[in-house]
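Note that chain A is present in both complexes that follow, paired respectively with chain B and with chain C.
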Partner chain A sequence: MFEIIKLELKIFFKKKKNIIAVLAFNLLLILVTNISSSLEHQKINGELGNTQLALESIEQSIAPLNEQYKETKDLNILKISKSCEEEKKIYENKKQAIKTGNTFDALKADIQIDEITLKGIENKTLISGESKDVVKDRLGKNKYLLNNNISPIYDVTMSSYNFLIAMGKEVLPLFLIILIFLFSGDMISRDSNMGTYKLLLIQPISRVKVLYSKIIAAIAASLIMVLGTLSVFFIGLGFIKGLGSPNYPMSFYDISGNKIINIGIAKFCIYFLAILIFIIIFYVSLASLISTITNNSTTSIGVSITLGISIFILNTQLKLAPKMAHLNPFTYMNIPNTLNGSFSIQFDNTNINYKSCLICIIIFTALNIIITTLIFKKRDVIC
Partner chain B sequence: MKEIIFFEIRKILKAKKNIVFLACLLLIILVIVLKFNNYNNKSLVLEKDQCSSEIEILAGDKSKTQLMNLYKKKLDAFENKTWRERLQAQIELDKYLLENNINEYESLDIVSDRIQKNKELLKDGIEPINEYYDMSSYNFLVIFGKNIFPVFFIVLIFLISSDIVSSERQEGTFKFMLIQPYSREKIMVSKIIAAAAITIAALLLILLFGFFILGAVNGFGNPLYPMKFYDLASKSYKFIGIKKFDFALTGMNFILVLFLTSLGVLISNVFKDSLSSVSFALILDVMIFMINIRSIITYKLMYLNPFSYISSFNILSGTFINCTSRLNIKYFFIVIISCTIFNFILSIVLFSKKDIT
Partner chain C sequence: MKILEVNKVSKTLKKNKILNNISFSIDEGEIVGFVGPNGAGKTTTLKVITNLLYQDEGKVTIAGYDVSKNREEALSNIGAIIENPGLYTFLTGRENLEFIRKLRKISKEKMEDIIKFTGLKERIDDKVNKYSLGMKQRLALGMSLLTSPKLLLLDEPTNGLDPTGVEELRKTLKELSKQDNTSIFISSHQLSEIEKICDRVIFIKKGRIINLSKNILEKSGQVIKFKIEKGKEEKAKIIFKDCDFINSFKLNDEYFQINIKENALSNLLKLLSQNGIDFSDFHMVKDSVENQYDEIFKEI
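So, the complex of A and B:
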């Protein structure tokens, strides 16, 4: 059995389509990382522009207020004018902090601005574009960051830890299934296609062992390629952009308390990688099933990829059967959104969490392998 | 040459992967139509419920009394009044949101666009539809061009065209093909024509069937329904009737079909085995789907990339004009047609110089 696994691994690394797929995966990660870095610069510039606009708007309102006070000597107007002066100072500090790249000073200014906004909403003296809860949440998070000396990041910041989360949200939900199907979609059909099926079966080992060797080899190769690539980028970005703080707070859906709590980004990444491994194994088991059903490799790959894209669109965009979504293994394609509880809110289904994710994926993986074994055992040797 | 074209068409139609995907595509379209119909039927009720919950939230907030009254007016229009009064109430509410910079649920650009469109509808006396989900015939063509073509139809084009040459090598029929009394160029051109004919026929059939079946079930819709369109001459947004919009959209999609077929044929010439060529084409498709919009909003030179034009709906309605002003209909024709010609010429050259061994 060990020999077949070794042979299958050798074949895997020699196949042109696998090399193309790995190169494409790397290229995609480079492109997304590059685009994200550009977007981060745009966001910083946008924030600078917004701060400038807010500053100008406050400056424009101060002069008429002062003139009005001179005419009326109304103390309320003086009070408003003074609070505008204070806000102006805060925005000036923020502008300076953004320009010099001092993230903590910018954070302090943001906290002060949000405190004023929150007070205004609570006193009903301010009509805000944002709700009270949104401002409160942001304020809480920013205070935590400041107290723990953690630099704030954007969702497009490409420091190592955040890179993993960003890829888990943006690239892997669709590309992982395509990648694994490309790697393993011809696992069995390849032998039928190339006429090596008979040769394989005359080896002195049982059919089941042949099948399991192929599946184990495909799982090992897929894990090496996906986790290996992610590790290379993780280390590379660590050198270029820094790892980022491992304690950066991430929303996490806590099943025991049935509420969303904050956990450190490093811990979040560990959960993410653990689920990723199970999802890769599940995809390989599904690819092996499709490959056993179809005799032709091109058909097998075509069907697999079509299935991958269709499932992704139907599941994420159309949200078919939201009440049963926790029983569908493809619901968990976006791992960070499963962990942080976003899917639970989007599907309005509290059963969508990491626990049901693992149970569902393990059951479907076992089911795929059992069906594949049954079909493979009864397969006609002529094909 | 006619004979080779028919022979190639027969071969494409007999390939199992093409049949399987075509069946999948039809199934996906059916699911989308049913699901969208369902959403469309529920959309008015949902909007009404949303309105009621907004009123409940705003009830205790004195500073937002005016906003709450506008929501109440909208709810009243939903319950007792005609669509004209509903539109009027929506316009008043949107104007308030815009003037007071309230962007909690929607961006202010969307609100501003909605005001313009609703005014247009009132002016022309056209009943509004839910453009995202309405499955009347004219709007189906828009939804197909916007949601189905750029994602699913491209896969079909690539599956059909990307192994048209490589499969001959793999199956060992390459030599037999070349001993026919036709020049290599003629064989290649026949293959290109066959692939293009099949993909264009598939698109035409899907659109015609969809249009007439949905017309019989849900009605054709108003052909003058206003659609936002970027007018190149005046460099501004205008409204044109949905019928005209559909003609332009479908015409552009046919040109895109030719471009994507030419690309698929080129890929099939480059790779020796069909598995590699099909895999490459499909990966390319997924990558386009994943990073296209992000690269358009990030890089200024993306108007030179033919994949930036893959959604003709976005080009017609000028979605990315603010990011790259050249991402418009004029450049669509220049870039896509020149890339198509380039792909075809390169395919013919590669095929005529291909090693027979």
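So, the complex of A and C:
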């Protein structure tokens, strides 16, 4: 069995299509990382612009307030004017902090602004575009960051940990389908094409062992390629942009309490990688089934990719049968959104969580392998 | 001892009955040809023997092991090339051999012997996709022989080989049979190639085994056709019947067609003259095996 696994791995790493697919995957990650980095700069500049606008708006309101106070001697107006002065100071500090890249001072300013906003919402002296809960949640998160000396990041910040989350949201859901089916969509049919199917099956080894050797090799190769590539980027970005704090708070759908809680980004990434491994195994099992049914490599790869993408789009983009979505393994392809509860909210289905994700994927993987085994064992080798 | 026994095997593929109750067996050290036109069921038979196809009925045993029930034990006794040489073309010849060597736990020395045997020593580290068809055939044969099989199954092994290659293959197979007592089962639609190396030939036509009861190669020799004077047919029949150098004879439209043993032509002529049987239009037909082949398959 070990010899067949070794041979299959050898074939895998010699196949041009696999090398091209991995290169394309790397290029895509480089592209997305660069785009994200430039978006991060834009976000910082945008933040600076917004702060400047807020500052100008406060400055513009202070002068009339002061004049009004001179005329009316109304203490309330004086109070408002003074609070505006305080806010002006905060925004000036924030502006300075953004300019100098002092993230903690900017964070302090944000906390102060949110405290004022929250107070205003609670006292009904302020009408805000944001709800009280959103402001409260952000405030809590920012205070946690400040107390734990964690530098705040944007969604597009390409520090190592955040890179994994960002790729899990933006690149992997669709590209992983293409990548894994390209890698393993022809694991059985390839032998029919090359004429080596008969060579393998006339050896005194059980057919099941031949099949499982192929599946194990395809899983190993896919894991090496996907996790290897992600690891290289993780380490590389760690050197260039830093790992990021492992305790950076991430929203996580806690099924025991049925609520969203915050967990550290490192822990979040461990959940993410564990589910990613299961998803890769699921894709390989599906590819093995399709590859066993068809006798032609091109057909099996084409059918696998088309089927995978179609189900993915029907399920996650068009959101067909949202109440049943938790029973479909393709629902969970966007792992971060499964973990943070976004999909649960989007589908209005609380069953979409990491636990049902694992159960669903394991059941479908087992089913794929059982059906593949039955077909492979009983099948006549015609070509 | 019987190394291969095929007993009442039938197989239907896509509603076509490809094999219809076929039975035959092969003894140790025997070289047996398996001849039939394209589509007769030769490859299907080989695939059933190697368990690539599952028979609908019947039983196949290799070295006493039932292929369906004891697949691994049965297949450990065979080496086979079915249809085309199944090789990993983007690997080198050595890597292909190495795969089988490690899979079947065979010594390195044996592999080196096989490399010598294939005559590919100079090219063994080249990728197989750079090999000619003949080289591929030799490598595939080497891979089949790496395990020192008791039974070697070859499906149309001469396909794509030049005359020198065919001659080399014949020599190799004869040597194998002699030295290692390997039984060899060769399918072909070219009878002329089979008859020179086989101890006997099994014919298959439309999924049925034909003329299995007679070992036609034992009766191989020459086929002579001639006309005899009218009225002497019955006398001739009685004489031919008792004659030991005549394998078989038949009378068709005044013509006797006689199958005689090799180098027995002078005996026949002597016999005819001694019994006062005049003949005319005396001519040799094709050699006996080919003649039988034509006889069997003329309807196709």
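What to note about this one:
Definition applied: the second predicted complex is superposed on the first by the 383 of 383 C-alpha atoms of A that agree within 3 Å, B and C clash if a C-alpha of one lies under 4 Å from a C-alpha of the other, contacts with A are read in each partner's own complex, and residues count from 1 in each chain.
Just so it is clear, contacts are C-beta pairs under 8 Å (C-beta built on N, C-alpha and C of every residue); 3 or more make two chains touch, one makes a residue touch a chain.
No experiment lies behind these values; they were computed from the predicted model shown.
After overlaying the two complexes on the shared chain, residue contacts for A:A24 are found with chain B alone; chain C is out of touch. By the touch criterion defined above, A:L273 lies against neither chain B nor chain C after alignment on the C-alpha atoms of chain A. Contacts of A:I216 after superposition on the shared chain: neither chain B nor chain C is touched. In the superposed model, A:P204 lies in contact with chain C only, and not with chain B. Set against each other, chain B and chain C touch different numbers of residues in chain A, with B touching more. Using the contact criterion defined above for the overlaid structures, shared-chain residue A:I44 touches neither chain B nor chain C, since it reaches no partner.
In the superposition on chain A, no contact is made by A:L327 with either chain B or chain C. When both complexes are overlaid on chain A, the residue A:K378 reaches chain C alone and has no touch with chain B. Contacts of A:V32 after superposition on the shared chain: chain B is touched, whereas chain C is not. Those residues of chain B that touch chain A in the shared complex are 16-17, 20-21, 24, 28, 31-32, 35, 61-64, 100-104, 151-152, 155, 159, 163, 167, 271, 273-276, 278-280, 282-284, 286-287, 289-291, 294-295, 297-299.
Across the complex, chain B is touched by residues 16-17, 20-21, 24, 27-28, 31-32, 35, 38-39, 42, 124-127, 129-131, 134, 170-171, 174-175, 178, 182, 186, 296-299, 301-303, 305-307, 309-310, 313-314, 318, 320 of chain A.
Chain A contributes residues 3-4, 7, 10-11, 14, 194-206, 378, 380-382 to its touches with chain C in the complex. Of all residues in chain C, only 13, 47, 50-54, 71-76, 78, 80, 82-91, 95, 99-100, 102-104, 143 touch chain A in the complex they form.
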